[in-house]
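See the structures that follow.
The two complexes that follow have chain A in common; it is paired with chain B in the first and with chain C in the second.
And now, the complex of A and B:
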């Protein structure tokens, strides 16, 4: 690991200034560190300065009516143990618990997961299905970006130089579910994952798939096929699963072949929709 | 944090260290600077849980934590677990159940379970508690006695 300077500013303005004083590859933000440290160890990143965000006042979780706002540096474990998250955004609860172990989730953060945007992220697909919005703050001020415009590729985001993720907003409680296929069920990387959520306000299903490069993505054709109601008609669910399996831009990589993924995604979608609809997952 | 200074409370004792490099992991600080060798290095990639310690009462992976990013925290290692009533209960449950074979994973399991039971007491259903213990690996596969110890430690809570 190349030597670097570690700073821990107390305010967002100071953090932005610490990052902005150096180029993007010379200064990197540190949240939980559970992903970043690997890149520092093997030299994929060799910054001169690491800016720890741990002292920023962003370890927050606020419900304002139907809207949930999660501070970017809140440890995932605190998101998972909020009783209202579990009942009002059950898919988010499940997706958070799919990340690492309890001890890892006491360190890892939602902002870190988004900022690092690993192609196999278990959180990004659920955020897509929940229409999460990302609040950013940087040298040019604050702006908000929908998550599907924020994660733009493998390890690539819409973050501008010295910009930070301040919080993530979820617009409404949604019946939702997250299911995955892995070699080992826990503490492994998903070969294929499906996030579904039903928006009562829009009378529409949202469906995202993940686990393959370059990034998790929404599949609007499947949402169209599922129709406007919860639970969907059996024939609509069949059609949605068929459309997802045959038309989604699924590819193969070292973790699973394209053919395997196209086959496994069918039952994953069917079970996820049934679970979001309040039925026990069928086999 | 200038001069690599690091202030921690370690097992209840105020501890001040100088010249701690930014890249040093808390695991190495605890084992090599403080000589607390009960905390084990397993995978060093956050997969096995052997290096679990408590930071401000919550289980964390000391191999994935920059020591200086823990500045100001209260750290509890296996050496200090008996001063926590829940920790002592867990330790005693592992002893009674004979929940160890080679023993390498044991400190991590004890700290992880202590953290979980401190957080939720008996309110976590047993199956969820055991799922939450899944971040710790036992290469001897001695899980049945570990599960027995976890169940006993949980039952004994108020």
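And now, the complex of A and C:
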């Protein structure tokens, strides 16, 4: 690890200024650090300044009617222990619990997971299926970006220089589920993951897949196939699973072959939709 | 024999135990290795001047150790550094030391290396796609060749009703000790000294002295507490580099591996391909043919004995009237092969058990009945002609079958129950010696091994002394001495600590008690006991305080001392069957039968282990809690090899998963409840009939899981580990 200056500003404006004073590779923001520290330790990143966000007033969780707003530096463990999250956004609850261990989730944050945008993120696919919106603040002020436009590639986001993730907004409670396939069921990186949610407001299923490069993605053809109702008709679910398995741009990499991913994505979708529809998961 | 609290528990819980990784001495420099950038290359040139230009940095390369290259072992892969040719990626080519850790890393990065890349060989199937039909004739590729035959094998295959031929593949697995290799070295006018985390202080001394070209007596090795070894810390590794740096610097030097380096440089079990052929007539095996390609990395031609050892486990523990075995140790551009808890035996048991079950099914026989019919029993001859000594495997198998039948009757669809067998032998190593000292208040065992975590030193040796002397184990203390002060011992490996060093402790006790008997004028046996806080010698109905039996000189020296040693020998094999290379005999015969109940996801291939039981013939168990812990730990480790652990090497010789993210060991969530049972009545070569138990518990695990997966889902998987994707390919009920 190369030496760096660690600063912990108390306000968002100061944090933005600390980041803006140096170039993007010379100053990096630090939230929970559970991902960033590996890059610092291995020398893949060698910034001159690390800007800790721990003093910012963003460790928040607010329900405003149907809308949930999660501050970007809230530890994931507090997100999963909120009783409303578990019942109103069950897929988000499951996805959060798929991240690392309890100890890690006491440290890791939603903002950090988004900002680092690993292709195997367990949270991004669920955020896609829930149509989460990302509130950003930066030198040019505040803006809001849908998560689908925020994560643009493997470890690439729409963040502008010195811009920070302030919070993540979920527009409505949704029946939802998240399922994954891993070599080791827990504390591992997903070979394949499926996030599904049903939007009552739009009368539409949302389906995202993840675990392969370059980034988690929504699959609208599958959503079309599933139809407008909860639970979907058996034949629609079959067709959706077939479309997902055959047409989604799934690729192979060192963690799993393309053929295996296409094979398992089918039962994963079927089980996830059944679970979101209130049936017990299982084969 | 009563159970005992771990005497090393308090110091470890308090964080006061100093491991190699904790070493930090005043004035020391931080060392770092400079690692080769290619897996195979020639015309190596290493320019140390940019590193030496940094403040306070010492750097050494091949030129600084001219004459020491080969280290007297004839092995260019051994330290210090290669001078011309690079044989594996990140092979150490130089070393640096600096006043801070970060400066040491900077200095290592500053070294300029040029090397002309050569083609890289990593994959056995790529190297020999037509094996075993094609012969392997490139002598540079072959580190060892072993070949043996008994009887008319070709005739038996020709004349038998059922012949089954299968190919199996096994993966490279790492030890994953919690503590990486670490040491601190110092060279003064008084000599060479290294404090190191090692399973074998004397082995490290012998290797290091040989590499450095110095007399063993000039080097003192002091073992630290060891944060797990599992075979990975049995030989010298960092010690020669650290000593050379310390000599160049004139100051102590600390050298430790990062965890990624631990994966990339560590000597461990490498991949293998096994061809198994078995012929059966009228329910009886008539002949077996076993062929092995064992990847041994950069092990030297002619210097690798792993193959002959590994192949012995591919034949047993089953009788066969005729057999042929042939194995090649294949050189590739990976680090040298090294021992990993029961080297290659879990992989071999997986192959043998899976294959013979398939053979039985092909012959229309229940696999368990077929195996029980052919299992070695006491008095049988092994394929290599050695007589089988007391061996509880058949009894363990019977117990396992009864339990498996019950579990299977309780298992719902989608679940399955499997049994796996494994066998092993207690190693004697090069032998061992110990000294015991009896004072009026305690019995002390002086010896040269550090506890590596299993309890075999601090509990096992104490229990041997307690059992021989009659003292409560709390009255026995095991004291470590460095290589200058301790009697010789081969090391804490090969399941030998209680079995071999324990025999030396026992011999010392026998000698001590005999001398007390002389002083008491008692021809009968003498034992020790505690009376009012003092140790007394008991003979018949009389007793005398030990304080009264010591001479003034002995009292002044701390007590009455006695020495013991044990240089055991294994049995002998029938050399007439050996056509080439070396095969090995066993000291005793240790067996285990395991049972697992698993659930297999019929669509994804995921395997969940629901419950597990282990039946072990460990001879006479000297400490039950330690023995149970060994079995539980071995099973957990074996579950990794069975299901998730696999070092993946890229075509350019890079270890792709050099860390705990993608090299997946089991967590507690993956380890089910484990029942542990010991079978008595089959004494081994250790004290009181004890058998080694360090390695046996890992051996049957992959075989057991594979059998259970087949039972649950019909998937006959011929490759380790049984990761979901591999299981899914073989699923019958997709």
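Here, the second predicted complex is superposed on the first by the 283 of 283 C-alpha atoms of A that agree within 3 Å, B and C clash if a C-alpha of one lies under 4 Å from a C-alpha of the other, contacts with A are read in each partner's own complex, and residues count from 1 in each chain.
FYI, a residue touches a chain if its C-beta (ideal position, glycine included) is under 8 Å from a C-beta of that chain, and two chains touch if they have at least 3 such contacts.
Keep in mind that what you see is a predicted model, and the values were worked out from it rather than measured.
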item	value
Chain B versus chain C as contact partner of A:183, first or second or both or neither	second
Which superposed partner A:69 touches (first chain B, second chain C, both, neither)	neither
Partner chain in contact with A:277 - chain B first, chain C second, else both or neither	neither
Partner chain in contact with A:257 - chain B first, chain C second, else both or neither	second
Touched partner set for A:81, first chain B, second chain C, both or neither	first
Touching partner for A:267 - first (chain B), second (chain C), both, neither	second
Touched partner set for A:59, first chain B, second chain C, both or neither	neither
Chain B versus chain C as contact partner of A:33, first or second or both or neither	first
Chain B and chain C contact sites that coincide on chain A, given as residue numbers	1, 3, 186-187
Footprint of chain B on chain A - complex, ascending	1, 3-8, 30, 33-34, 37-38, 40, 50, 52, 54, 77, 81, 100-104, 106-107, 186-187
Residue ranges of chain B touching chain A (in the complex, touch as defined)	1, 21-23, 45-47, 49, 52, 55, 58-61, 64-66, 68-69, 71, 112, 115-116, 119-120, 131-132, 134-136
List of chain C residues in touch with chain A within their complex	102, 260, 414, 601-604, 606, 608, 643-644, 648, 656, 661-662, 664, 666-667, 669-670, 723-725, 728
Contact footprint of chain C on chain A as seen in their complex	1-3, 42, 181-189, 191, 254-257, 260, 263-264, 266-268, 283
